[in-house]
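One chain, chain A, appears in both complexes that follow, with chain B as partner in the first and chain C in the second.
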Partner chain A sequence: MKKLVFVITLLSITSLAFGQQVVTKYMDKYEGDETFTKVSVSSKMFSLFSEMEGSEEDEQLFYDITSKLKGMKVVASEKVSNPKALFEGAISDVNKAGFEELMTVKDAEENVKISIREKGGVIEELIMVAGGKEKFAMVSIYGEIDLKQISKLASLMRVNQLKYLENLDEAID
Partner chain B sequence: MRKYLLLLLTFSTITLYSQESIIKEFAEPRRPTKWMNPICLYPSTLRMINITQDPELNKLVNDIEKVLLYTLDSATIASKEYTGWLKDYESIGYEEYVTVLGKQELRIIGRKEEYVGVMATPERAMVFYLRGEIPFGKIPTLLQTFQSDDVLPLITDQFK
Partner chain C sequence: MLMESQIENLLEKYWKGETSLEEEKVLKAHFKSNPGLSNESHYFRYLNKQKSTLYEGSKGISKRNAWISAAATITIGVVTAALVFNDAKRDPFAIEDPEKAFEATKNALLMIGGELQDGQNHTMELTKFNKAKEELQEDS
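And then the complex of A and B:
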């Protein structure tokens, strides 16, 4: 029995770490490159990026959502030399890591792909990859994710790269 | 009973001292001048550097027990080797709260009511140890206060 619990625990840790590896890989790759901003934030610090001027109701909702999340990682640059290749490479890495596509947005300015990794009916990680003419961004949110609440979270946070998640609830309805 | 209380007090003091010692070992040899002491702030002194007497800031520092603050020398800033010591804290259970890397750098790790971290720009870098109650998300606001052009000279100029 003890062995079984140990194996399950080990598998859960490995699975969580494996997902985050996609973004971590990009954070490591561009560690010394100051044109890339790298952010890693635990759920405890989510309020750092929030617009807390809102109502008490919003504040409560914000804490309810973030209490189930474990963290967020962002790698972004406003000026990359080969954004198309970087975007396609990132999408390929996300697919290889076992994520399934949830939503794609394409316009004249940007391509955005949002993917999720699910386990036992629970979404454990959401990855958004965005590529523009010169821009690139990769965002990973991990923990226990409710897609409908992610839209609200995105609207409450002052993170520019999350703007595409604000309409996620409408897209999945 | 008194013996146990004494033992507990001694143990707590040793534990707290040892946690401060990691940052001290790193930052002491990297002070900009040898006579520039670290800044050690308590709630009363924290309120003193609140030049604009912002009531929010006064409220924020109320439950802080201690802040230990070091500015780093130019050689360390140039080498950007100011984060390695955080691994020693991570090895005793401190976990990552926030990391922002780019033109500016911010790292905060913590455990219970103790936090350590780095705040750096290309021109200046500070490392800190903070003990006490403070909302997690407000730590950078507090650190920003220390780095503001109004407050920083008050802390550092006297040592020039």
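And then the complex of A and C:
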């Protein structure tokens, strides 16, 4: 009986605390620091999105993606004193939390690393860590994540932006 | 040893409900040591027997019940504490305005999506791309 109680207790604690713990740690760490923007969106908000109007393809896709999410957290700063150390530290924390690296993009401006945590073929959490010369950002989405949809959403919105610019050009001409 | 007449008196008082606890004890002790065939004798011996069985039974159950209720209490307490703690931890940065939450989510998804696409064109180091890569390639 003692063992059973112990196991139940342990299970309930770990399962509750597991989601987005890396980002939460950074949010708490910079809680009082005004130079860091901290944002958290709950699953309740995501369910509200679906009630907003939207008929365009990208809007539909957006609702489809967010309806499967349980949470999103962002910690970001435009001005950090030691961006490199912060970036390296964050990467190591993400790896320690059991994430697998999905991709790394490096250019002159910034370093970006995307890591995921999978369970049974489904991506449960995605963390993107970005570090620039003075910038640092950590974005985490949690729930059921479809990379294909997110990639498509970005391309659709880019196309829309281009169309908007073209229309603007025509309007000016 | 009590006299029969004294027992008769006590019994009379007992049935009227006027006996004290001590007097009832005397009655019970008497019928225990002098088992007779009278109705009263059966009755008091029955009370004694019933008392002892009830006691033993309840002892066993209460011990087990105590464990179960203790376990349940601890579990409920811990789960509630964890929930409250978790909520309190998450709350300070939660966006309450749906419009702002919408913008923030859109930006975050665009950022991630943009990187996912850039990753295909730029120089990249891929350690694990399995299904995700296939999916992305199908898409582009």
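In the analysis below, the second predicted complex is superposed on the first by the 120 of 173 C-alpha atoms of A that agree within 3 Å, B and C clash if a C-alpha of one lies under 4 Å from a C-alpha of the other, contacts with A are read in each partner's own complex, and residues count from 1 in each chain.
Heads up, the rule we're going with is that a residue touches a chain if its C-beta (ideal position, glycine included) is under 8 Å from a C-beta of that chain, and two chains touch if they have at least 3 such contacts.
All values reported here derive from a predicted model rather than from experimental measurement.
Colleague: With the two complexes superposed on chain A, say which partner A:Leu147 touches: chain B (first), chain C (second), both, or neither.
Modeller: In the superposition, A:Leu147 touches chain C alone.
Colleague: Looking at the overlay, does A:Ser92 come into contact with chain B only (first), chain C only (second), both, or neither?
Modeller: neither
Colleague: Going by the contact rule set out at the top, does A:Val112 touch chain B (first), chain C (second), both, or neither?
Modeller: second
Colleague: Where does A:Asn160 make contact in the superposed view: on chain B (first), on chain C (second), on both, or on neither?
Modeller: In the superposition, A:Asn160 contacts neither chain B nor chain C.
Colleague: Now for A:Ser42: first (chain B), second (chain C), both, or neither, which partner does it touch?
Modeller: It touches chain B and chain C both.
Colleague: Examine A:Ser67 and indicate which partner it touches, taking first as chain B and second as chain C; both and neither are also allowed.
Modeller: In the superposition, A:Ser67 contacts neither chain B nor chain C.
Colleague: Should A:Glu31 be classified as contacting the first partner (chain B), the second (chain C), both, or neither?
Modeller: Both chain B and chain C are touched by A:Glu31.
Colleague: State whether chain B or chain C is in contact with more residues of chain A in the superposed arrangement.
Modeller: C
Colleague: Identify the overlap between the chain B-contacting and the chain C-contacting residues of chain A.
Modeller: 27, 31, 38-42, 45-46, 48
Colleague: Enumerate the contact residues on chain A facing chain C in the complex.
Modeller: It comes out as residues 1, 4-5, 8-9, 12-13, 16-17, 24, 27-28, 31, 38-42, 45-46, 48-49, 52, 62, 65-66, 72-74, 100-107, 112, 114, 116, 121, 123, 126, 128, 130, 137, 139, 141, 147-148, 150-155, 157-158.
Colleague: What does chain A use to touch chain B in their complex?
Modeller: 27, 31, 34, 36-42, 44-48, 50
Colleague: Any idea which chain B residues touch chain A in the complex?
Modeller: Its residues touching chain A are 95-103, 108, 135-137, 140.
Colleague: Considering the complex alone, what residue numbers of chain C touch chain A?
Modeller: Contacts found on chain C: 67-68, 71, 74-75, 78-79, 82-83, 86, 89-90, 92-95, 98, 101-102, 104-106, 108-119, 122-129, 131-132, 135-136, 138-140.
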